[in-house]
Every structure is written in C-alpha cells, then in structure tokens.
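Structure below; questions to follow.
Letters A, B, C and D mark the chains in the order given here, with residues in each chain numbered from 1 onward.
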Amino acid sequence: MDFNYVIAMLLVALGLYCLLLKRNLIKIIIGLAVLTDGIHLFLISLGYRAGGTAAIVSGEMFLDLPGFAAHAVDPIPQALVLTSIVINICILALALSLAIYAYRHYKTLNPSKMRRLRG
Amino acid sequence: MITQLSFPILLISVLMPLLLSISFPFLGRRLKPKKLAIVSFILLLVPLVTITSIFMTPTLRGGAVDPPFFSHPFAGSFSMLLDPLSAPFAFGIGLVTALVALYSASYMKHRIEEMEHEGLTPPSIGTYFMLYTMFSAAMMGLVLSTNLIEFYIFLELALLPSFFLIIWYGYGNRIRTAIMYLLWTHIGGLLFLLGVLAFGSSTGTFDILNMQTLTFNVGLGANLPIVVMLMITIGLLIKMAVFGVHIWLPYAHAEAPTPVSALLSPALIGISGYALIRISYILFTTQFQEISTILLGLALLTMIYGGLMALAQDDFKRLLAYSSISQMGYILLGISTLTINGVTGGMLHFMTHAIGKSVLFMVAGSLIVQFRGLRSIGKMGGLASKVPITATLTLIGFLFLVGIPPTLGLWSKLYIIVGTLDKAMAMGTIALVLISICLVVGAGMTAAYSFFTLKRIFLGRTPRALAGESVRGWSNLTAVIALVAIVGVALFLYPAVFIDPLKDFLGPLLPSTP
Amino acid sequence: MAGAFLTPLVDVLAKRMNHPRARDYFALAVTVGTLLLVVDMATSVLGGDILVYKLGGWAPPLGINLAVDGLGLLVGLIVAGISTLVVIYSFVFMRQESGLGQYYTLMLLLTAGMMGVAFTGDIFNLYVFFEIMAISSYALVAFRRSKISIEGAIKYLIVGSLGTSFILLGIALLYGSTGTLNIADIASKLAVINTTSGSTPLISIIALTLFVVGFGIKVGMIPFHAWLPDAYQAAPSPISAIMAGGTAIVGVGALLRVSYFIFGAPMVGPLLIGLGLVTMVLGAFMALVQRDLKRLLAYSGISQMGYILLSIGLGTALGITGGLFHMLNNAVYKSLLFLAVGAIIYRVKTSRIDELGGLGRKMPITAGIFLVGALALAGMPPFNGFASKLTIFLAGIDAGYPILSGIAAIISVVTLAYMIRAFIAVFLGPQTGRFENVKEAPRSMLFPMMVLAAVCVVLGVLPQLGFSAVEPAQEVLLNPSSYIGEVIPGA
Amino acid sequence: MKRVLTFGMVVAVGALLIFTVSTDLLPFGSFPQRQVGEDIKNAIGQQILVEAPEDTGSANVVTSVVWGYRGYDTLGEVTVLFTAVVGVLAVLRAVGKRE
C-alpha cells in the first residue's frame, strides 16, 4: 500500500464530502481547502524518491552533481505545489469575502436558505 | 435543351429586389405610400420582365440557366434555372407579386390607420414594403433554384418576412397565428432539410441540375431508403397544407393583411407542388411512383375537405383560405397521377389559382377597405348595385377557381381531370368509379361555394347597416384587380405558351404508361 | 511575434495605473492591441504554421512554451474580439457603478486569463491561467454586490473551484503516469503507453473524466450547469456577454485541446456525443420555461454548447468543422444577445419577460439587433447560425447518426420557439405606461452590438470565411501529430 | 434521499481514486521512473536535477524551477494573487458606507 497516495485521495474524498454535503458556507469552504490540500499532498508524494534528499545543492555536493541528481527528490511537484497553494489561498480569500457579504445580506451561512434565484 | 447563359441575369433579377428592399424603411420617410408602391412594383417587375423575355426567346424556351454564383465542395453549386417547369410558377409569382405591390399602397395605408385607431403602433409602411418585396423576391428565388440547399435557404427567406408581415399587420390574434404559422412551416422546412441532407450525404451532391452536363439528376436517389424521400415529401406537404397538416393555414391566411394573403395563399403554398415534381419526383422517381396512389387519395381528401369547410365559413377571407386548401388538392391530384396531362394541369393550375385567388383576396381586401373592415358574409348582401365592378371581378375570380371560360381555369382543370381519368382507368373500374365520384363532388363543391358566396355577397337585399354607405365604384384597388384578371383572361386565349413546352419537358420524364 | 504571446502579461502589468479618465481608453487600448496582435498572428497560422514560443528560452519539455495553432488562434480571436467590444460597451453601461478601477482591471485580467488558456502549451500553465480567468470572473459576477450577484457568485465560485480542483487532480495523475507537463509531450507518451499495453489504463480514463468534469463545469455542460444561469443572471450584462462569448468558448477550447490531444478522438467521441445530446435537449427545454431574459439566454447558451460538443464528438472532419464553426457563431450571437439585453436593462431596469413589452417602438435598433441574434441562434438563413447548424446536421447524417441530426433539428424548432416568444414578449405587444419615456440605447452601446450583428450577417452570407477560419483548428484536432512535432522536435 | 445519493457518489469517487492511485501508479518513492510503454523513462524532474545547478547557478533546484524553468507559472501565480486582491477589493469596496 502506498499510504501517501491513499491518504491524499482520502483527503480529496473528505473535501468532496464537505463540499457537497455540508450546509454551512464556511464548512464548504473548508472542504474546498481540504480537497486541494489532498491534491497537493498527492503531487508532492509523486516526487518522492526512496531515501532521497531535498533538492538543494549544498556544501560538498557541488563537487558531485551527478551524485546529487541521483539522490534528490523531484523539484517540479514542489514548484507546482508552491504555485498551487498561492492560487488556492486566493480562491479562499475571495470565497470568504463573498461569505462575509452573504452573511451581511442574509444573516445566515446556509446556502440553501439563500434563494433569490429560481428557475 | 437547357442553355447556359453567359451572364447571371436571373440571379440579378432576384437579388436586386431582395437587396434593394432594405432601403425601403429609409425611403419610407421621404416618399408617400403610393410612390413607395411604385418603386416596389418596378423592382418586382424586373424579374417578371426578365423571365418573360427569356421565355419568349425561342432558343431559350427549353430552359435557361445562370452560371453558378456560389459553389462549395459539399453544398454543390447554386444557380438559377428557368425552364418549362418553373416558367408557369415564375410567371405567376412575378405577375401577382408585382401587381399586388401596387394594390398594397392604398390597402396598407388604410390598415395602418385602422391599427393606429385601435391604439396600436405598427411599423411604418416602409417596413411593410421592405418585407413584402423580400418575401416576393424570395419566392421567385425559390422557384428558380437549382440546388436543394439553395431551395431551403429561399424557403426560409420567404418564411421570415411573411411571418413578420402577419405578426405586425395581421388581424385578430395575430401573434398566436404568426407563431403557429412560423413553427408549422419551420417544422415542415426542417423535415425537408433533413431529408435533403440525408440525400446529399449519401449521393454526394445537392444539385438538382448537374451544372456540367446541364441535365437533371433524374432518379439519383433511387437507391436511398424511402424514408429520405418521405421526409422531403412530407416536409413539402406540410408547407402545402394538405389534409391532416393543414391546421395552420386557415388561421395564417385569413389573419394576414390582405395583400399578403393574396401572395401567401396562392403562391407560397403552391410552390410546394412545384417542388414535389422538381425535387421529390425527379430525384426519387421510383419511390415517388410507389407512393403516388397514396398521394392521389390524399389529394381527393384535401380537395373535398377544403370544399366542405369553405362552404361552412362565414368570414370571407377564411372561406378563401379553405378554398385554397381545396385547390391545393387539385394541384396535388394532377401531380399524383404522374401522367403528362395530369402534371401539366397541376402546374398550370398553380397559375390559375395564383391569379384567381389573388383576385379574390384583393376583392375581399377592397370590401374591407370600402366597408370599414367588413369580412362577414352574413352581413353582406346586394352589394352588386353599390360596387358593380368589384362584383364583376369577384365573378371572374370565382370563374378561375371553378374552371369556366374565359379563364385559364378551364384548361388547367381540364388537364387535371383528363389526367386523373387516365390514371383511374389504368387502376381499374372500381377506382374509376370512385375517383369520378370524388371529382364530381369536388367540382360541384367548388361551384357551390363559389356561386353561393357570390349570391350572398352581391345579390339579395342590402342589410340596413350597409344601406347608407356610399362607395366609390372605381378606386385604385379595383384597377389593379382588373389588371390581374385581364392578364388571366388573356392567358385563356394562349395557354399553349406554357402547355406545349411543359408537355415537351415532362414527356421524357414521366412513365410512358401510367 | 514574441510580443504577441506576451500580450497577456502586458495586460497584467499595465493595469496598476488607475487614472479615472484615462482608464476607459487604457482598457480599450489594451484590448485593441491584443486583438491586433492576434490578427497579426492569424495570417501565419491560417497559412498552416504553428507558432511556438519558448518562454525564458528553456526547451519545451523542461520549460513552459506557448504554442499558437489553429485551435488556439480561433479561441484567441473570438476572445480578443469580444473583449474589445465589451469594453467599448462598458463605458456607458457601467458608468453609474462605483469601483470602476477594479472593474476594468478584472475585465482585462479575465481577458488575459482567457488568452493564456488559449495559447499555452503546458498543462499546468493552462491550469494557472484557467484560475486567473476563473477568479476574475467570480469577482466580476459579484461586482454589483446585490443579493443575487453575491449568491450567483458564491454558487459559481464553489462549483467552479470544484471544477478547477478536478483539473488539478487530473494534471497530477497525468504527471504521475507520464512524468511530464507539456501537452505535446504528454500526448506522445500516452500514445506510447496505449500502444504497448494495448488498452487505455484506468488512470488515463480517470484523468480524462476529471478533465471533462472540470472543463464541463466551466462550459455549463449538463449535469454540471446549475451555477450558470444564476451567474449569468447575476453578472452585469457585459460580463454575461464576455462569459457566454469568451469564457465558455475557452472552456470548450481547453476541453478539446486536452481531450483530443492527450486522449485521442475515439476515446472522447462517444462521451462528448452523449453529454452534448443531453445538454442540448435539456438546455432548450429549460430555456422554454424561463421568465427572465438573461436566464433564458443562459439556458439557450447551454443548449448551444450541446450542439458544439455533439458535433465535435462525431469526430469526423465535417463534424469538427461544424462544431468549431458553431462555436465561433455562438460566441458572436450569444454575446450580441446579452449586450442587447444589457441595453434593455440599461433603459428599463428589468429583464423579466413578464414586465417587458412593446419596446420595439422605443428601441427599434436594439430590437432589430436582438432579432438578428435571435434568428441567428435559431439557425435561420441568412444568418451565421444557419450555416453552422446545417453543417452539424449534415455531419450527423454523414457520420451515420441521422437520429442525432433529427433530434438536433427538433431542438432547433424549440430554439426558434423560445427566441421568437422572447422577442415578441419584449419588443412587440402592448406598451405599458411605464415605458413611456424609454429611449434608444446610447451609441457606444449600439456600436459593439452592430459590429456583432454585422458579423452574424457576413458569416451567414459568406460562410466560406468562417470555414476558412475554422479549417486549421479542425486539422490540428484531427491530426495532433503536427502540433506535437512542432513543439517537441524529434518526439 | 438526495443526500444519501450524493454521499454514495462521494464514497464511490473516493474509492475509485484510491484504487487507481494505488494500482496504476508506480509505488510511492519511485521517482524518477515513470512508466511509459515498456521502457521506463525518467520524469522531466530528473533532467532538471541534472541540468539546473549548472544552468541557473542556484543552489536550490526548486528555486530554479520556480523562477527559471517555470517562470511563466510564477508570473501567472502572481497575477492570480493580484486578481484575488482586486477581486476582494471589488467585493468589499466601501462596505462601511453601505451600512
């Protein structure tokens, strides 16, 4: 069993569950965060090399670059996750600001009670 | 033989009114309705003169086709063709549309004033003439097209302006009527289109006329499943409003403004009859022969049903609309016999009907104008003394429908009946007897509603409500009607102009023994 | 040429200046500049070239590259054109609103995001630009801050973020199985995987499903459409127009790029046909019962997306041509209709069909333009919708599914019915006293609408123009190997 | 009912995802190998690890990826951040005045 993968997917499923079934806007947004974090964990895990080191060249490693390349973990997923985390934060910020506004308007965070739009 | 013209004169004569009509709303602000009508008349005269001069040139009598103006790898080449088959249609449409344009001026002025009186604000008369001219030019293009897609495009191009004419200037519950008209005929059109696409995608061409060899693609669809042919035919039958799919017609034709009824009723629906021969028969020869007997029955049914319903009407325009259904029965009857005489008669009857029915609708319109919206036959009576000329014209109009000399109707009905009897004889004694009975009933019914209506409108006692009305006997309206009637009568004397080339054309196409 | 690729960036960098007066013209200048650059690229791309630009000079599989092929160009052209017109339209339409600095900034960011998605050659980069597009559109939907716009935006945001997360997960799965992020590289590696194992591995199927769901949400594909009518109704009309004519088109473009390039037509086709069919039918019937003009247009947009997906799913050259052509046409007349409705809202302050009536007299030009759009949408000649619908019907019959063409034709009648009903209800009929003083829309709003209406007519009368714009995109979709070869030489 | 269905769907999706990642991917920790066909190829990350220290001169390879190889992504990321800031400002503009 690849625990990292499985747990990442569990997180995704958990996030999905919150997103689809919770009735509180804040919880829904938390679900979104959990969902993306699951994906981030998955991405990072993809880049792991058994017994690998961080992809930072330090000290004497400069002398043995091929050796470093053979032992470091994948830098790309790390870069992707960095980007993705920032993006995700942005979405959460926007979502929360909308939630604040929605609460001002409706005095509730339950989306099923916000029913102005029909059809 | 079909000759290829070096110059797309037919196309230009159709496109000129179609495109220039866009300027009418702007012209409408400067010019009076009468001058507008004359401009529209002149525009519509262009195709009429073009086709007449081409058809009168002996070398081009066998058919003349434009160089293709559009070609596409899978849509084929679009062109315009005038041949003995399309000539009666093109001529009938050209004549009626041009003259009705003149008639429109006074009528629509009246109609718009009437609507404003009711507190409505219809679009200006310039818009009317734009739509009217577009509609007319599209019908002309429809008859002349050589490609199935082109035919469909013109079909929809004719549908749209007529829809707006009804919805803006119509009577009664015009919005409902117009939507019904639009959707029914659009469904018919789409059915036709799907059939056409199926045909095109399996045969690789949408051309009716092969532009290289200048011959028709006769029987090209012979190997296709019959469904394809049925789709095209049923699509056309919906447009033709034969019995069973006729529901939209009485509403649309009765509630349209009268000049438009005068085009809709005889011209637009009759074109479907033309398309039955030009498309369904020529492309699907064998399949069409298989279903011709069913069509024959349908034709008789339509004929008798239309006649019966017409007898029961009180509204003059509605009566005319039902009578159109009945006359469509005649056209379909002629076509479904697939004998030379029958088909010739059917094609000729389009012209008869176009002239006769437009005369009648215009008469109905002039009564509406002269007697302030009078449409109910029950409220009329003894009008012959007030409007003698109108009465005479009505008589002539009905003579066209019944087929009594001196009208073209005589020839077309004669040919249809001869053709039908030929076919009936070939089908056996029982069929002969049955069909003869139907023919007699149908003819009797036409005569009955014609003369009965005449009597109720023009003879007898004048109702008190109308007694005080003073009417001008000779107005612009009647002049135009008379002009149409005179041309119709003139054609009675020289029907051979159309009949002989038609027979020559149809001879090799139709089965030798029915 | 390199400048053309960088336009999105220029957009981004330049918008920090916020002079109240100059801002309108600045926004216009940026969009016009973008449009001109795209048109400039068009000449070479339509000639059959594929432009590849390596950002930072890194070779494609390692670095990110931009690649403009027929598909990207088509989408880019639509997006740039529509954004330009919408910016012009916004000058007057949005005048009374506060926070216009943010409005134009977000609008340009939206455009930048869309252009980025259209041109990028890297799948993670596509995700990033997709997010730019998504976030700016969330904010724009919420821009009015009324109850409905907040609610519409929240729905849109939650569903949309779910979609983008799915896309990200799909990207992760693809990276896990191929170890690369370049679209062309992934495509060639997956092709190797499929041929050696003889079948498609489950992981690819899952990734495909995730992509279809993710992009499908953005496109408004049923059953992922629930947010769309709310968002379109809630957004200011120019934004609805840009979303219908831009964002949705970009969604289709991205879906096609990912699914056709990476997974190949035979695998995607049936899926697209099925979803397209459902979308088309349900969208049309839901449009039939709407009481609000903007919702009606939103549902009709969903229905038209169905046509596009259906046609492209057929997988034949004719089908793809028809679908892409319909995509182009749909962008034109759908944004036209939204702008026309915007003009009505601007003058009358409502878009409820029941409250409107008899506006034809007061706003004749708007009425005429709306009519052009409605008829084009219903597929009536001589407008552009006719040409593309005809191609779609023909493609259906040609590909051996006449029944699909039949259903599409029936839906086309339904479309005509609801559009004509809407037209009659809004512009004809009795006038109510409320609209006594209604005037025609201002000129700067009419101008973009007239341009779009003219495009409708021109593409309808001369469909060859549309076909020639679509042809390179169709070739690229049917034959991705040229693209792959261009991006990664020797792959 | 609807909730139960949704819940079932979530469970099914989760199970499917877990099943997929644990069977169809190479086991955890097996970077740089990625299975492409019969031969196992290295992910592009490996190539970057080899080339980056010399190409960019940065000690941290992740940095060179973020700012070098995938610089355009970073630019996009900054743009997203900017978008979000503008978006939040747009949504929350002048909240106080409205009360």
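Operating definition for what follows: a contact is a pair of C-beta atoms (placed from the backbone, for glycine too) under 8 Å apart; a residue touches a chain by one contact, two chains touch by 3 or more.
These numbers come from a predicted model, not from an experiment.
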Exercise for review: Sort out for me whether B-C or A-D is joined by the greater number of C-beta contact pairs.
Suggested key: A-D
Point to revise | Interchain centroid distance [CA atoms averaged], chain B/chain D, Å | key: 68
Exercise for review: Just give me the whole-number Å value for how far the CA centre of chain A lies from that of chain B.
Suggested key: 70
Review point. Per the centroid of Cα atoms for each chain, what is the distance between chain A and chain D, given in Å?
Key: 8
Exercise for review: Averaged over CA atoms, how far is the centre of chain B from the centre of chain C? Could you give it in whole Å?
Suggested key: 44
Revision key, fill the gap. Chain C residues touching 2+ other chains are 124, 128, 131, 135, 138-139, 142, 145, 153, 169, 175-176, 181
Review point. In chain A, what residues contact two or more other chains?
Key: 12, 16, 42, 46, 76-77, 80, 83, 87, 90-91, 94, 98, 101
**Study point:** Touch relationships between chains, expressed as pairs
**Key:** A-C, A-D, B-C, C-D
Check your understanding: Hey, which residues of chain C end up touching chain D in the complex?
Key -> 9, 12, 55-56, 58, 61-64, 98-99, 102-103, 105-106, 109, 112, 116, 122, 124-125, 128-129, 131-132, 135-136, 138-140, 142-143, 145, 153, 169, 173, 175-181, 185, 189, 192-193, 195-197, 201-203, 206
Review point. In the complex of these two chains, what residues of chain A are touching chain C?
Key: 12, 15-16, 19, 25, 28-29, 32, 35-36, 39, 42-43, 46, 76-77, 80, 83-84, 87, 90-91, 94-95, 98-99, 101-102, 105-106, 111, 114, 116-117, 119
Review point. Which positions of chain B touch chain C when the two form their complex?
Key: 72, 74, 121, 123, 149, 152-153, 156-157, 160, 167-168, 175, 179, 182-183, 186-187, 190-191, 193-194, 197-198, 200-201
Revision key, fill the gap. Per the touch rule above, chain D residues touching chain C in the complex are 16-17, 20-21, 23-25, 32, 34-38, 41-45, 47-48, 51, 68-73, 75-77, 79-80, 82-84, 86-91, 93-94
Point to revise | Sites on chain D touched by chain A in the complex | key: 3, 6-7, 9-11, 13-15, 17-18, 21-22, 25, 27-32, 43-46, 48-50, 52-54, 59-62, 64-66, 69-70, 73-74, 76-77, 80-81, 83-84, 87-88, 91-92, 95
